[in-house]
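Below is one structure. I have some questions about it.
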Amino acid sequence: MTMTQGIAHRQVGEQFEGFLLIKSVDKGVTSSGKPFLTIIFRDRTGEIEAKLWDSTKEDEETFMPEAIVQVHGEIRQFRGKNQLNIRQIRLSNEMDGVRVEDFIEKAPVELEEMQDYLTQMIFALENPNIQRIVRAILKKYNDDLLTYPAATKNHHEYASGLIHHIVSMLKIARQMKDLYSEINTDLLYAGIILHDIGKVKELSSPASPTYTLEGKMLGHISMMVDEIKVTAEELGIEGEEVMLLQHLVLSHHGKGEWGSPKAPIVREAELLHLIDMMDAKMNMMNRALESVEPGEFTDRIFPLENRQFYKPTI
Amino acid sequence: MTMTQGIAHRQVGEQFEGFLLIKSVDKGVTSSGKPFLTIIFRDRTGEIEAKLWDSTKEDEETFMPEAIVQVHGEIRQFRGKNQLNIRQIRLSNEMDGVRVEDFIEKAPVELEEMQDYLTQMIFALENPNIQRIVRAILKKYNDDLLTYPAATKNHHEYASGLIHHIVSMLKIARQMKDLYSEINTDLLYAGIILHDIGKVKELSSPASPTYTLEGKMLGHISMMVDEIKVTAEELGIEGEEVMLLQHLVLSHHGKGEWGSPKAPIVREAELLHLIDMMDAKMNMMNRALESVEPGEFTDRIFPLENRQFYKPTI
Amino acid sequence: MTMTQGIAHRQVGEQFEGFLLIKSVDKGVTSSGKPFLTIIFRDRTGEIEAKLWDSTKEDEETFMPEAIVQVHGEIRQFRGKNQLNIRQIRLSNEMDGVRVEDFIEKAPVELEEMQDYLTQMIFALENPNIQRIVRAILKKYNDDLLTYPAATKNHHEYASGLIHHIVSMLKIARQMKDLYSEINTDLLYAGIILHDIGKVKELSSPASPTYTLEGKMLGHISMMVDEIKVTAEELGIEGEEVMLLQHLVLSHHGKGEWGSPKAPIVREAELLHLIDMMDAKMNMMNRALESVEPGEFTDRIFPLENRQFYKPTI
Amino acid sequence: MTMTQGIAHRQVGEQFEGFLLIKSVDKGVTSSGKPFLTIIFRDRTGEIEAKLWDSTKEDEETFMPEAIVQVHGEIRQFRGKNQLNIRQIRLSNEMDGVRVEDFIEKAPVELEEMQDYLTQMIFALENPNIQRIVRAILKKYNDDLLTYPAATKNHHEYASGLIHHIVSMLKIARQMKDLYSEINTDLLYAGIILHDIGKVKELSSPASPTYTLEGKMLGHISMMVDEIKVTAEELGIEGEEVMLLQHLVLSHHGKGEWGSPKAPIVREAELLHLIDMMDAKMNMMNRALESVEPGEFTDRIFPLENRQFYKPTI
Amino acid sequence: MTMTQGIAHRQVGEQFEGFLLIKSVDKGVTSSGKPFLTIIFRDRTGEIEAKLWDSTKEDEETFMPEAIVQVHGEIRQFRGKNQLNIRQIRLSNEMDGVRVEDFIEKAPVELEEMQDYLTQMIFALENPNIQRIVRAILKKYNDDLLTYPAATKNHHEYASGLIHHIVSMLKIARQMKDLYSEINTDLLYAGIILHDIGKVKELSSPASPTYTLEGKMLGHISMMVDEIKVTAEELGIEGEEVMLLQHLVLSHHGKGEWGSPKAPIVREAELLHLIDMMDAKMNMMNRALESVEPGEFTDRIFPLENRQFYKPTI
Amino acid sequence: MTMTQGIAHRQVGEQFEGFLLIKSVDKGVTSSGKPFLTIIFRDRTGEIEAKLWDSTKEDEETFMPEAIVQVHGEIRQFRGKNQLNIRQIRLSNEMDGVRVEDFIEKAPVELEEMQDYLTQMIFALENPNIQRIVRAILKKYNDDLLTYPAATKNHHEYASGLIHHIVSMLKIARQMKDLYSEINTDLLYAGIILHDIGKVKELSSPASPTYTLEGKMLGHISMMVDEIKVTAEELGIEGEEVMLLQHLVLSHHGKGEWGSPKAPIVREAELLHLIDMMDAKMNMMNRALESVEPGEFTDRIFPLENRQFYKPTI
């Protein structure tokens, strides 16, 4: 299969022919009473809304979310946003050789490389209690850790985004150790590795994640704080390490309004919070600036106080 | 022993003779270089600061916190507050027949009566999973539950204040059921019983409680959320009940700024939060108004937005 | 007349035939220049938008707000919301035996029962000044009190919602008295009865209330504070009771940001505020949860911080 | 009587001899058990704390608040503030020819002049309903209006401060009319005249005002809103004027957090709020800058966000 | 050319024939695939959206922003707002005698009159350093000062709005001097003249202003603070005047959240801020009330906390 | 001279004999009328209050701020804080060989090492305009840059604290470049070097800095934004670099409430803000934790939301 140019980069008036993944489908009726489908397509570069006019019952049953289709059509504009006007559409088949993964954005670093780095950092943990707890928890969640995004939107919201976020934070942390030698790296590294793993239970799936019931009721922070307690009991580990790891996870959002019932009161907990914020913000800015030219502004970035960022020409 | 009139009700100029509990002692030196002790005494009605001038080394070793002493002195005023000027002081002995409990404020309801009511409400729990979890947790903390205050200050901050708060809330809850028949009483009652039991680990002791290290790091809410999880696992209980009980405890402060990382999203959780607030506020107002006359204002009550309350004359 | 199944419970694709009340009508023109009417219909279960295509001058004059009509049509979907496509529509006549009241939601308790309870509570007022002021004000507003909602939206926003809210609050108050015996019930009951009666002047009508000019300028709180003063003067009553009743009404929103220029500084005023909040919140939650199945979430409830509530399966 | 140099301008080390007004007296006991009095003296320039050591029972009965005394002593410093060390003190008598008014700060404009201006502005009111209401209310409060301060602290907190504030605002308002000809001066002038008259009931007395019980419960805004209603009824006046005047008074603090349950929604109400703020702020700044030299900063001014203002050298 | 009745005052159903300025044009495609243009027209009274159905390539090239056209059509309603349905449209030509200025709102005072007043106030500056700096800066920006608006929206957002705002503020300032004689008019007048001149660099053009890159990066306040420094250096002026003028400009938004990194700490700076706010708010209210009848409410005014203002009937 | 053990580490009851720097002196009078001096002494470890009883006129003239004295005395406690009771005190002389620098805390890194690193980073700047501006500004402020603290309190508030802060931030920035390769290091490094140099004009002196008049009026941010503009003009440099450097300095406090009139809208500006915050917070935490033992809490740290930090025992 030849990947066509990304759907997000097409211009109004262009013809489109290629494969797309269906993200969602809604049924509608025109003012003259005729049925149509509003389909959101996606590929790695983004999404586009499309209209399939005069849709049949069969269309409705064929073109379902998660299906890959081949589409011919034209890019038009509607209320200031691009829209794909479908002329032809058919379901893809095995012969097309297309896979769901081809249409989903993923981390910009190779998975294997990230896994290696993570393993290496776990070996660097010197406190045996901390190392055992980290290993035991990673073992439980290993598969999901490799595929989950770090969030449903805003930052690292792509396949393997979670491990990408963890690894980037570990790299910052390792540098901080050189500058501020007082840091307890066992605490800081372990905190970074564990802090967001609760997302694996908070979110429903790596591909198109939504919040689980438990996620809404308890949240990834409380779930991971529980997990550390339960794991420590299973391993028969007692001592300040357990409470400290719980505190690092519990406080990593920084304050109550942001979801942490306790603010950090251990240096490494505060630093974990700062590194988390820094990596998340850099990820957002870098990805937004990637798709604009020098001299231009990005779209508004909501979690960065809705600012638009400028790309210098120098 | 005859209990003297409470220390909080004495007037400036009065002579005092009676037994008092030492709450704290600080050593000082006058401008002319002479040592003295600043002692905070307490009895059930409140506290008073006192000065023991020209104190000796022996005095320092004798008059320690938690000791009961017999004091003669006079009530004076210093910077607008009453102060006890000590003329004579001696340590109490067995013959005096005084006990620490006699000097500490306690709940205005008999402990046995509260225990009975609590037991009765546990019997009223119909869902077996909920009942078993509640029983198991109460069993672990039973002794402390009977003696601990509900807080270090502000409301129910006296011996057995915790169970007093729980029982008052249960009584309100039972009435609410009559008015709003849709309420799931199993959830509501169990949530009320468990919501503050984490205080037993958050606070150091029933008599003069301070925050424990774990209390500062994790807080009573997170500790009890953990406890429910661990207890359910020990009992082999699974199902929505566990998550719901965790949610009720987690969300009972209402929102992030107030210490709950998740706001209530179950009706009974919201109601638990409202009843908690109502009972705490009534307790504060009732105790403050108790000691003023009709037509007067109370002192400022900090957790009630620093308001002074007026006692009507009608 | 046989009441058809409520408009809010119809599914897309269903045929509809039955009586509906017209809430509002807007005239529009299609892109091809043809006139049509957009009508909002309501019955007790809710509202639905409808389109009357190719409408005539006569249609415009016939189908006016507050009219009851018989409609044949089909439920369709437009922008994610149900819409009724009208095929036939005619004005109802006397023979149809339908009345406006049949299409407006009303309190779930019988009016007579609520009136009896209110009367009984007024008898329970022991302070003669308070009783006389309450009676005099109720006499002025009695008719409206029986029909008005307590608000235009959010809580108790149905026919007789105002008296329903008052009666529910009185029931809570009566229980509180058992738990906190210090409460002055004369103040509390009278405060509850009077606190929201100003709504009768703040809102334009019981059926489809909007804010009156005076309501926008002064608000129901200030208007009732005035009313108490004026009534007391008319009755020749002086004394602390007048000021206390004014304070209870004035402060019942709790603080400045919420519309009370003075925060409560009398115990019964604070309690009135808490009971008001509790009953309003329970009313919102109960009504939202009524229409969802166990395991589901309600829609977002704006005045409850936009939360969605979960209905447990246990 | 020769007025001595103001107490606020004395330097540490100076001898003082002159008449002072006693503002408050507190009884204390030294560490060696000897009684003394802490007296706050005041004159027009400010206040000073003083100690009368070894005070007798007779002293306590003689030197009471509101008494004028002749004092000899020395200015010392205690904890960074000036203190008057009393060597001699005696009660003033008729022969001394001193009056309380001589020791209280008053408005910098002659009372008669302000009265004239106010009268002239009332004549300028063209709408007969507005004029009659204003006249009737002024008549009720006329005496107090001439003596009361506009506040207990912060701005215009001196004798006749209330009328001074009203007159200054009227002058600004008259100028505004020239610039913005659309203004309804009847509304604006009447609103300015009435807006703060409720202070006369909110504060206890012109000399050393504290908040009255009614002031704490209802506040000057609600009391004046009531007054307008009652006065209009007494005069048999109906119509939009009554509601508009009530709205102007009700909204003049600008928003809920600042004590106005309704924000201004009439142009003249918004303008009244702005003029009130401007005159209050100018009064605070002018008085603070009066007592510093060019190149210096004032003390912090709390209601101006605790800023210190700089007096330029140009 | 005869100016037709303003576009903002037309009623639904009316025929329109006259000249209009094109503000913006967007191309669209109907559900049946036919191209059309959405044009926003404006004249001095406001804006209206229009549809040009079945538009041709030539239409797109002819009807561009800033063009003046003659239009025949009908006023219709779409989603609650007026819309102009175009029947005929042609580009204007020289013979029509219409100019862009005829379609843009401008200040309600003659430009020459405003210039004279400004010149007169500059003569009134007595401090030579201040006068020289003000003159030098005005000289640099003189042309733009005469044409620019004071903002892109909200207040004084019309041609010559900037000088209109400055002149109105100067008039208020001159009156304030009479009331508060302590004011340093040199500082106040100079501050008023300079405070918003940075807008000339912050905004792109007088006609349809947008924010410049420098405007977004630095803002008009910082740019003018720089300008004063640079100008003073060019003129060889040193001394407190430079710093004071910089402070007046820097602080005129009042506080950090509103764009001033330093709050005013000079009396004239605080007063400048208050006068700026007063003139801006009066301008907004006056213009909104101009177009409603007595007894009606204006639209919501966003920068006035989204309030709707009422126009009294008296 | 042998440096005695630091004043901050002395215990109550210990004898003290050694040299100290006088920070401030206040004159007082005892209740019995005797003069005394309250002196604040400092050395590198901290400060202590002392009382010199029965002080003479000569003492007042001898023991002035900035003087070094030799003191004999005893450590006592007053209101919970250590106090030095002076028995003997004399001014130091040349023979004592003590210098002011010996009593002032300084950066923990050698000045030469920091200078070298800074020089090296300036060489790393590739954009010639940026390099020239940075060099020119550093040249103007070089001497002060080597001695000034970065703040009067909170973080890097010691001799050479400014350059220490800059160098630490540059080190973090260099590491960030490895992780986020998109960063424009010219902008980031130059922004870091310049961002706080305005402190040199905002603060009065390196030893006991207070805010200058210009610092209070304009602040270090505005002064440096001006400086960049002026320097660029002097060097004849135009182009985006100037505006970008101004933006980096202007926005480095992150938002309006924190003193930046524009929030960062360039990636490197946001990153500069984050690195600034991280280095400042690490500096505060490290220094507070330095002086406590494992298992203990630090004092409250005000700019870290008044938190107390715990030093783990692992």
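Note that the chains are named A, B, C, D, E and F in the order they appear, and that numbering of residues resets to 1 at the start of each chain.
FYI, a contact is a pair of C-beta atoms (placed from the backbone, for glycine too) under 8 Å apart; a residue touches a chain by one contact, two chains touch by 3 or more.
Owing to the predicted nature of the structure, the values given are computational and were not obtained by experimental measurement.
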When you check each chain against chain A and chain F, which touch both of them? B, E
Given the touch definition stated above, what is the smallest step count connecting chain C to chain F? 2
Matching A-F in over half of the residue-numbered contact pairs, the equivalent interface among C-D, B-C or C-E is B-C
Looking at where chain C touches chain E, is over half of the residue numbers used by both copies, so same, or under half, so different? different
Rounded Å distance between chain A and chain B, as computed from the means of their C-alpha atoms: 46
Taking each chain's centre as the mean position of its Cα atoms, how many Å separate chain D from chain E? 41
Chain A: positions in contact with at least two other chains: 213, 216-217, 244, 255, 265-266, 310
Identify every two-chain combination in which the chains touch. A-B, A-C, A-E, A-F, B-C, B-D, B-F, C-D, C-E, D-E, D-F, E-F
Residues of chain B defined as touching chain C within the complex: 127, 168, 171-172, 175-176, 178-180, 182, 184, 186-187, 239-241, 244, 255, 263-267, 270-271, 274, 277-278, 281-282, 285-286, 289-290, 297, 304-305, 307-310, 312-314
For chain A, which residues count as touching chain B in their complex? 213-214, 216-219, 221-222, 225-226, 229-230, 233, 243-244, 246-247, 250, 255-262, 265-266
Mind listing the chain F positions that touch chain D in their complex? 26-29, 31, 33, 213, 216-217
Touching residues of chain E toward chain C in the complex: what are they? 30, 51, 53, 76-78, 80, 85, 310
